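Below, each structure is written out as structure tokens.
Consider the two complexes below, in which subunit A is the common component and subunit B and subunit C are the respective partners.
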Partner chain A sequence: MNPDVMISYLPLYKDALFLTMRVGWKGVVIAVLIGLIGSAILHFEIPIAKTVVSAYIQLFRNTPLLVQLFFIYFALPKIGVRISPEACGTWGLGLLGGAYMTETFRSGLENIPKIQFESAESLGMSRGQVFRYVILPQAISSSIPGLMANVIFLLKETSVFSTISLMDLMFTAKDLIGMYAKTIECLTLLVVFYLIMLLPVSILGNIVERRLRYAEFGD
Partner chain B sequence: MEKALLSVRNLHKEFDRNTILKSIDLDVNKGEVIVIIGPSGCGKSTLLRCLNGLEEIQGGEICLDGKRLQKNAKDISSMRQKIGMVFQSYDLFPHKTILENILLAPIKVQKRTRAEAEAEALKFLEKVGLADRKDDYPRQLSGGQKQRIAIVRALIMHPVVLLLDEITAALDPEMVHEVLQVVLDLAKNGSTMLIVTHEMTFAKAIADRVLFLEHGEIVEESRDPKAFFEMPETERARQFLKSFEY
Partner chain C sequence: MQNLGIDVLFKGTNSLRLLSGLWVAVRISLISVMISILLGLIVGVLMTSKNQILKVIFRIYLEIVRIMPQMVLLFIVYFGTTRVFGWNLDAELAAIFVFSFWGIAEMGDLVRGALISIPKIQYESAMALGMNGKQVYYHVILPQTIRRLIPLSINLITRMIKTTSLVMMIGIVEVLKAAQQIIEANRRSSPNAAFGVFAVVFLLYFLICWPISKLSVYLEKRWS
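Let's turn to the complex of A and B:
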């Protein structure tokens, strides 16, 4: 392993890291927004919209991200919808994540005992007030562990972006290996940069989870 | 006779084609304490839940202050503010402090100012002996304490009728007393209450009227609780009371 080679690659990896994080986090934000809206639709059992959301979840959870990206990147242009690799990655990740987030938030909502609704309603609160002040805060805290797991999963899934020529970490590593054959150096750097991106998220996740558990059981 | 505060006419409730309540007639007068007893599954909890609009009814009508209850959201909300309810499992909001639990509805539903509602909340907390716990979370309280808070949470809305649904059934025996004491004080101060309970001694002490329910019907109604608990008129009520003896 040649440290000088690795140091010379650092700027390329840094650029790739920023791109990966930018696309990854944009995708995560879209996923969370879709998840909030989707789970509210399922929770309130809004007709038609409910069926659409269920179909969406099944479609995106049961097909690989790679296939979804290929569809967006290569198939949509054939019917006149052309988008940049970065937008494709963002939306691909966001739509996949949205399906997972919807499921996570929905189960968070389902975990709230029915009597919590009733005791809030019995105080005269409207359905909207019950949802906003009583149900949602509890659902969010019980969804946090699942949410964090989804975030890490989505950020890792960015590695398939290389297939649509988005210059993310994986693409950069493969490219450099292809050109200079410094396989060990490139792959080591790849691991290190994924850790730089994901370790803070994992650690933050653990802290949040521990605090939530204290909030439930300790004092 | 003065007009009933809450009146139920020919109430009918079905669930999956099973009749839970049939032709219930009931008038609740101001200041009256009515205790509803009966074997489990007789429909007594369901009756309270119907009065609060938590269960849809299939027939009959419920009138509060002479006004018939409608199904629309606005009506149900204003009715629920007038009819307070306390449940068996207290059901405080676990993510809010005791004070926030009590203040949520007065501020958000009745649009009262925080200062005014808080002053009243503290007065109530003082009365039930829990003023020092106002910043604690529900998980830090015992069952009996939680139930007293649940009562305060209902009272602060100034309900004209209070529905108590087996409020001591989930409590350890030594905590039953502290909760029932609060209810006895309310009765002394003229609160109108409908109480479902299995505490027969308590029922005898507090009731102005006793209803014995079985299979969704009022089998016996007595305006003389002492006499009822000594010797009910119906055989079924007699058998039921006997099941509490050892």
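Let's turn to the complex of A and C:
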């Protein structure tokens, strides 16, 4: 292990980290938005839209991100849809994550016992009030653990972006190994940078999860 | 369908190549799943132990698996360890090793969750009926744990199959790599092959994983 080599690689890894984070977090935001809309559609059972959302969930949950990215990046241009690697990564991640987030939020809504709706209504609350003051707070706190797990999963999945020539951490490591054959230094840096990216999220997830336990009633 | 390039798959042995690539992916994931389930059961039981040292070790193990992308682990084992120890590692073996390492942690965590989710009253009631420790486990705890575990471990199989798509990065010719090779080889005769072939790969993965995850959901509903 040669520390000078590692220091000389740092700027390249730093750029790659920023790119990975940018694409990753954009993807996560898209995923959460899709998840909110999707779970609302499933919860209120809007016809047709409901079928589309279920089909979308099944399709994206049962195929690997790598295959989805290859399809978006290499296959779609053949029928005239051409997008940049970064947009492809962002939307690929967002669509994959959207399917997982929809499931998480939906089960969060579903886990609320029916008696909660009925009790709130018997207290004279309107449907909007029931949703705002009774259902939503419980649904949010019960889907937070799943949400955090999904965020970590999605940020981890960014490692496949190198295959569509996005200069992320994996790409940088592979490239440097290919050029200078300093395998151990490159892989060590790779691990360190993934830790920098994901350890804070993981720790935050644990803290938030513990804080939100108060919502669990009775057991 | 000339312009979408699906016809490429009907030329020569192309479809056979794609399917044999699929078999490689399924083989790797099945072996890894078997190892993960067997060792995961043991690790899961050990995780519930009160030993502080064991607890810390498993905590670190879980956290490594949770944070490190599988791709990074693949690179460390396939390129890193070969460099450090100077041995010659078969790519498929490296993949099985990494996926098992990941699967054992996942499975162990599932087993731990299933074990601690069984209420204490079950142990106490069984004891009150005069059963000894072994009998309690065998007749009361295990049947309930297994019921909770089977849907979750079936789910692990689909996740494993999906993750095997990464092995193309360490030079194993699985479905995606086979698809790329077919597309490259037929670049002149059908320039649009990328669409047809990748669409078929997408569908293949879906057709394998969808029934398995349906089964897992069905079992979960039936047994809960």
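Keep in mind that, in the parts below, the second predicted complex is superposed on the first by the 208 of 219 C-alpha atoms of A that agree within 3 Å, B and C clash if a C-alpha of one lies under 4 Å from a C-alpha of the other, contacts with A are read in each partner's own complex, and residues count from 1 in each chain.
Operating definition for what follows: contacts are C-beta pairs under 8 Å (C-beta built on N, C-alpha and C of every residue); 3 or more make two chains touch, one makes a residue touch a chain.
All of these numbers come straight from a predicted model, not from anything done at the bench.
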Partner chain in contact with A:I115 - subunit B first, subunit C second, else both or neither: first
Which of subunit B and subunit C A:E157 touches, first, second, both or neither: second
Subunit C versus subunit B, contacts on subunit A by residue: C
Contacts of A:R82 with subunit B and subunit C, given as first, second, both or neither: neither
Contacts of A:Q129 with subunit B and subunit C, given as first, second, both or neither: first
Partner chain(s) touched by A:K14 [first = subunit B, second = subunit C, both, neither]: neither
On subunit A, positions contacted by subunit B and by subunit C: none
Sites on subunit A touched by subunit C in the complex: 58-59, 61-64, 66-68, 70-71, 74-79, 152, 156-160, 162-163, 170, 173-174, 177, 183-184, 187, 190-191, 194-195, 198-199, 202
In the complex, subunit C residues that touch subunit A: 4-5, 63, 66-72, 75-76, 79-80, 83-84, 158, 162-163, 165-166, 168-169, 176, 179, 183, 192, 194-195, 197-199, 201-202, 205-206, 209-210, 213
Touching residues (chain side subunit B, partner subunit A) in the complex: 52-54, 73, 77-78, 80-81, 84-85, 87, 89, 91-95, 104-105, 108-110, 136-137, 139-140, 150, 153-154, 157
Subunit A to subunit B touching residues, read off their complex: 113, 115-116, 118-127, 129, 133-134, 137-138, 141, 215-217, 219
